[in-house]
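Each of the two complexes below includes chain A, the first together with chain B, the second together with chain C.
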Partner chain A sequence: MKKVLIKVFSVFIVIIFLSPIVYTISHSFMDEYQLKNNEMEMVPEIFNLQQYYEISVEKNEYFKLYTNSALITAGVMVGQVVVSVGAAYYLAVKKSRFSNILFLVYTFFMLLPLQITLIPNVLLYNAVERYIGIKLFNTHLAVILPGIFNTLGVFFLKQFFESIPQSYYEIANIDGASNFDILLHVVLPYSKNAIAALCLLIFIENWNLIEQPLIFLNDMSKMPVSIYLNTLYESSRDIFYAACVLFMFPVIYVFTKIREKLKTMVLKN
Partner chain B sequence: MKKNGMTRYVIPSFLGVAVLYLVPFIIAQRYVIFPSGSAFTEIFSNMGFIISIKNTIIFICIFIPLAVIFGFVTAFATEYLNLGFWVQAAIVLPITVPASSVSGFFKEMASSKALENVNGLLVVGIIFLWSCIGYTYIIFLISLKNRDKSIEEAAYLDGAGAFRTMFSIMLPLHSEAIVLAAIVSTYNSLKIFRVTYAVFGEYPNYRMFMIQNFLHLKLKELNMQTLMAGADILLAFVFILLFLILKLEQKHKRKMSL
Partner chain C sequence: MSKFFDRFLKYFFVFLSSVIIIGFLFFTIRNYIMPEVTVTKSLENSLLIKKDYFTGRVVSRETVEVKADRKLYISEINVKNSQIVEPGTKIISLDMSRQELNVDTEASEMQNQIKSYEIEKLNLKKQLDSGEASLKKSLEAYEKAKEDYENTSYLYENGVVAKDELNGKSDIMEDCRKDYESEVSIYTSETEIYKMNLNRIDEEIEILQTRLHEKTNENSENKITVDKSGAYFLADKVYIDYITDKKVMEEGETVLRYSICNTNADLYMEAFLGRDVYDDIFSNKYSLYFWKNDEKKKESVMVQSVRAFPDHNELIFALRDELKENVYISDSVKFMAQSEESYECVIDKTAVVPIGDLKANNTCYVYTVLTEESILGEINYLKQGEYKILAVGESTVAIEPTQNTKERIDKNSLIVNYASSVLENDMRVRVIN
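And now, the complex of A and B:
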């Protein structure tokens, strides 16, 4: 009896949490007619791939936007990891009053909501355009730059670098390794998993960009998919759900890849 | 370790943060400090600002406790009823799924007949809970996995009931996790703009108009004086949050050193 109750309870939780995702996937296989007259139906009457066909053949601007999303995410990821590794290495090794204050400032900026951190960005871009004459608005660089210097990466990696045993540094130092050698041959190999986890965080965060493109970009052809989907729901609902599924596919794919790692991480901690 | 020559590793990051964030923000304070009128009294007579602050406070007061409670309940159930892997995966998965990609479901839900007369804030809250319970769930799960089981057994042998064990032992033992979960949920609630945008667009109904929406509109208009006054108020709130985190960390360190 108890076992049955537990089963029912688990199924209940799974249904609640997965229904938005399942709903989107099942709707991507519906035809136009059913989508129009639909009142929260879950199962397609006629299974068809019309939506995917239209996206890939007729409305192929979708893939242009998809590459925009990929470009921005990749740019932020590479930039932020490179910048963060350096800064985190400094903050973890060098202990001075300056580095402590710097770390506090970084933590503070990490907590700030985007509506605040976008203000200095906009002011800077305005100033650059006025005094230097380089137009940053409406370019992908305007979105990527603030992402690169997001302080989340520094915060995350610094905590990890500090957990590396001090003796590793000492031994490398006795062997005559320079700071750069230590970073390259001791710190980085040791923290492979942490950097992978950081990449995942950056990916999740930047794949779903909303605030930055709304402020920095004007042309629809430069927007990432996350913005485009919002207009797509009104303009052409017949391909909306397929576009959603294609958009969330990479995230779910990555999630299924790392779930084992996640499990061991939870158990180990 | 050679301590000199380390500075060059931090320079790119430091320059970037200073130029992109710190310096322009400090310079922008002139809009608040030397305005024609007083920026702060003006903003409090702004109707949009008052509504947005009210909605934000209501939102935080209702949905952050709910996020913590649901996270605790689901983690508790996972641990004691041995719920399977699928349950864990289902709860954590929404963290990663972009809000805009499942907006179809929530749009249909918000416009369905059952929720026609319901406050829009509730719909935003439900989506917030859906996407954020994963974080509190993980925090409580880690805390529950690390607990000392003998304490509960001792309480059981002493004749403590389930309620007594819950309130006198479980909650105090996991108080740190509770505070951490509340902080993480607050941090997530600051990012609520994404959800509102994905489901209700750039100009939502006034019932779900929050401080983030207000600042977003002012930034689009480049209305610097109101914008900076509003941003500073939100900044003060985040500052308190940071202070709480630091206190928590100190407490944790002290506990570890004992």
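And now, the complex of A and C:
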């Protein structure tokens, strides 16, 4: 009886989570008439690809913002992985007396709500522009740079690097490997799954950015798709659901590709 | 079930990937093939300049036609059509051996008489000079004899010479005095006669010259007056409009037609202009320029008179002093009439898309470029406006919006000048410099 209840509850949870996705996908195959008159229906009366045709051929300005999203996400992902790997290696392997303090500071910043750091960042950008002459505000760098120095990656990888057996480092040291060699040839091959999982987390987080672009960017042409979807619902509902499906497609695709690695990683941790 | 789901997911991902690829592809193509336009602005001074070019000719005020008043046998033609002939140039020569009664003997006689009078006049002058010289000579002889007598008289009083010698000198002096007085008497009487004769000859010459001139003028209009050798001359600088090429001319046939062009006062310029063009330009403040041999003359010219015809106007331009060196008779000249008119909105002709012909009172489309901030950044798109053509200039057009058009063109409006494709309302375009 208990098992049945758990299964029913699980199915209920799955339905709760999946219903928005199914709703969006099914609506992306609806025609304009049904969207206008019977939007709450779940199943398309006439299955058609009109929305996908419209968005890809007629109203393809959407892909300009799609590019912005890709640019911001890729920039943050690459930058954060590089920074996180280096910092986590220092904190986990090359320990010094400041390591713990630094890690404490990192943890503290991770706990800070994102919204607190937004305004200081704007002030910092203005100061940089005024005193150094580098324009950051209203550029993609304004969104990418804070993302690169996000503390989540360091925290995540430090935990993993500490789980690597110490004997690996000792053997590499005996063989005369430098820190960079150890990082490149010992730590990174061992941490593939962890880095992949980190990439997935970074990707999901940055693909769905909302606050940072709203604060750091002014021009609509520089915004990511996540901001534009709301506008699209008001202005062009005839392509809105297809745009939503295309927007969530990369996340779902990446998730399905590395879900095994993520599972392994979670199990290891 | 899981396998089916995986396969479904796979196909769905392939589909979404295709949509994304197609979307990016079309997005790139659409941006790449976006029509390019160049833009202009309305004219700052809002002046519409109308220009019209028309041709004219330099012609003479007086044209003479010479007809054969008798049968003429022409032996030689010394000029040709369209030739400018200096005064005294031989025009034609008649064959005097075949020509009967073709020499104007009266005129020749008069000329000969004048010549004989001239000779007589010269002879009289010579005789007068000779008498004057003789008088002068006898006066000198008398004065010399008188001086000798006075010297001898002085010597006699001092007892140097005898009385006989003094008497001899006195006789000589007396003879010289008588000779001189005789010469004076002759000279005085001869001078009076000479003067009378000279006056008479002068009067005769004047009468003959007047008659000859009258005769020459009378003949020059429609008669061939030749000298004894058969040569025909003209006293004016003329432009040969027409010269016969026949050797034998019957009475009444035109031998020669010429235009007198001694000075520029004898010339003027004439041009013909369509009525509509004339009304279009000359109803406003205008200026006129002319070209000669494709060279623009800076001086403006003034219209002296206008003769109206049903479909065109004839314009007469006086030749002013400063133009004298620039034009000659029969020159072909090109005129440019230019007028200026002020309108509220004047734009380049290339910016107008006319509905029908590009002429006043027709309508046209004008495309202005508007800029809008969008998800693609700053985008330019076209706004089509319907305008009425008020006037058409040489390179500009004056327009005003019709009732269908809300957009007004101001000094800052960007107006499409040239486009790489057919334009449409709300079309996105790329503005190039």
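We adopt the following convention: the second predicted complex is superposed on the first by the 241 of 269 C-alpha atoms of A that agree within 3 Å, B and C clash if a C-alpha of one lies under 4 Å from a C-alpha of the other, contacts with A are read in each partner's own complex, and residues count from 1 in each chain.
Note that contacts are C-beta pairs under 8 Å (C-beta built on N, C-alpha and C of every residue); 3 or more make two chains touch, one makes a residue touch a chain.
What you see is a predicted model, and the numbers here were worked out from it, not measured in a lab.
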item	value
Touching partner for A:I134 - first (chain B), second (chain C), both, neither	neither
First (chain B), second (chain C), both or neither touched by A:I171	neither
Chain B versus chain C as contact partner of A:F255, first or second or both or neither	first
Partner chain(s) touched by A:D219 [first = chain B, second = chain C, both, neither]	second
Contacts of A:V105 with chain B and chain C, given as first, second, both or neither	first
Contacts of A:Y52 with chain B and chain C, given as first, second, both or neither	second
Contacts of A:T117 with chain B and chain C, given as first, second, both or neither	first
Chain B versus chain C as contact partner of A:A196, first or second or both or neither	neither
Larger contact residue set on chain A - chain B or chain C	B
Partner chain in contact with A:L184 - chain B first, chain C second, else both or neither	neither
Those residues of chain A which chain B touches in one complex and chain C touches in the other	245
For the chain B and chain A complex, residues of the former touching the latter	1-3, 5-7, 9-10, 12-14, 16-17, 19-25, 27-28, 74, 77, 81-109, 112, 130, 138, 141-142, 145-146, 187, 190-191, 193-194, 197-198, 201-202, 211-212, 215-216, 219-220, 222, 227-228, 231, 234-235, 238-239, 241-242, 245
Chain A residues touching chain B - in the complex, by the definition given at the top	6, 9-10, 13-14, 17-21, 23-24, 27, 38-40, 83-84, 86-87, 89-91, 93-94, 99, 102, 105-109, 111-124, 127, 145-146, 148-149, 151, 154, 169-170, 173, 178-179, 182-183, 204, 207-208, 210-211, 214-215, 225-227, 229-230, 233, 240-241, 244-245, 247-248, 251-252, 254-255, 259, 262-263, 266-267, 269
Footprint of chain A on chain C - complex, ascending	9, 13, 15-17, 19-20, 22-24, 26-27, 30, 373-378
Residues of chain A touching chain C in the complex	52, 55-57, 60-67, 219-221, 223, 228, 242, 245-246, 249, 253, 256
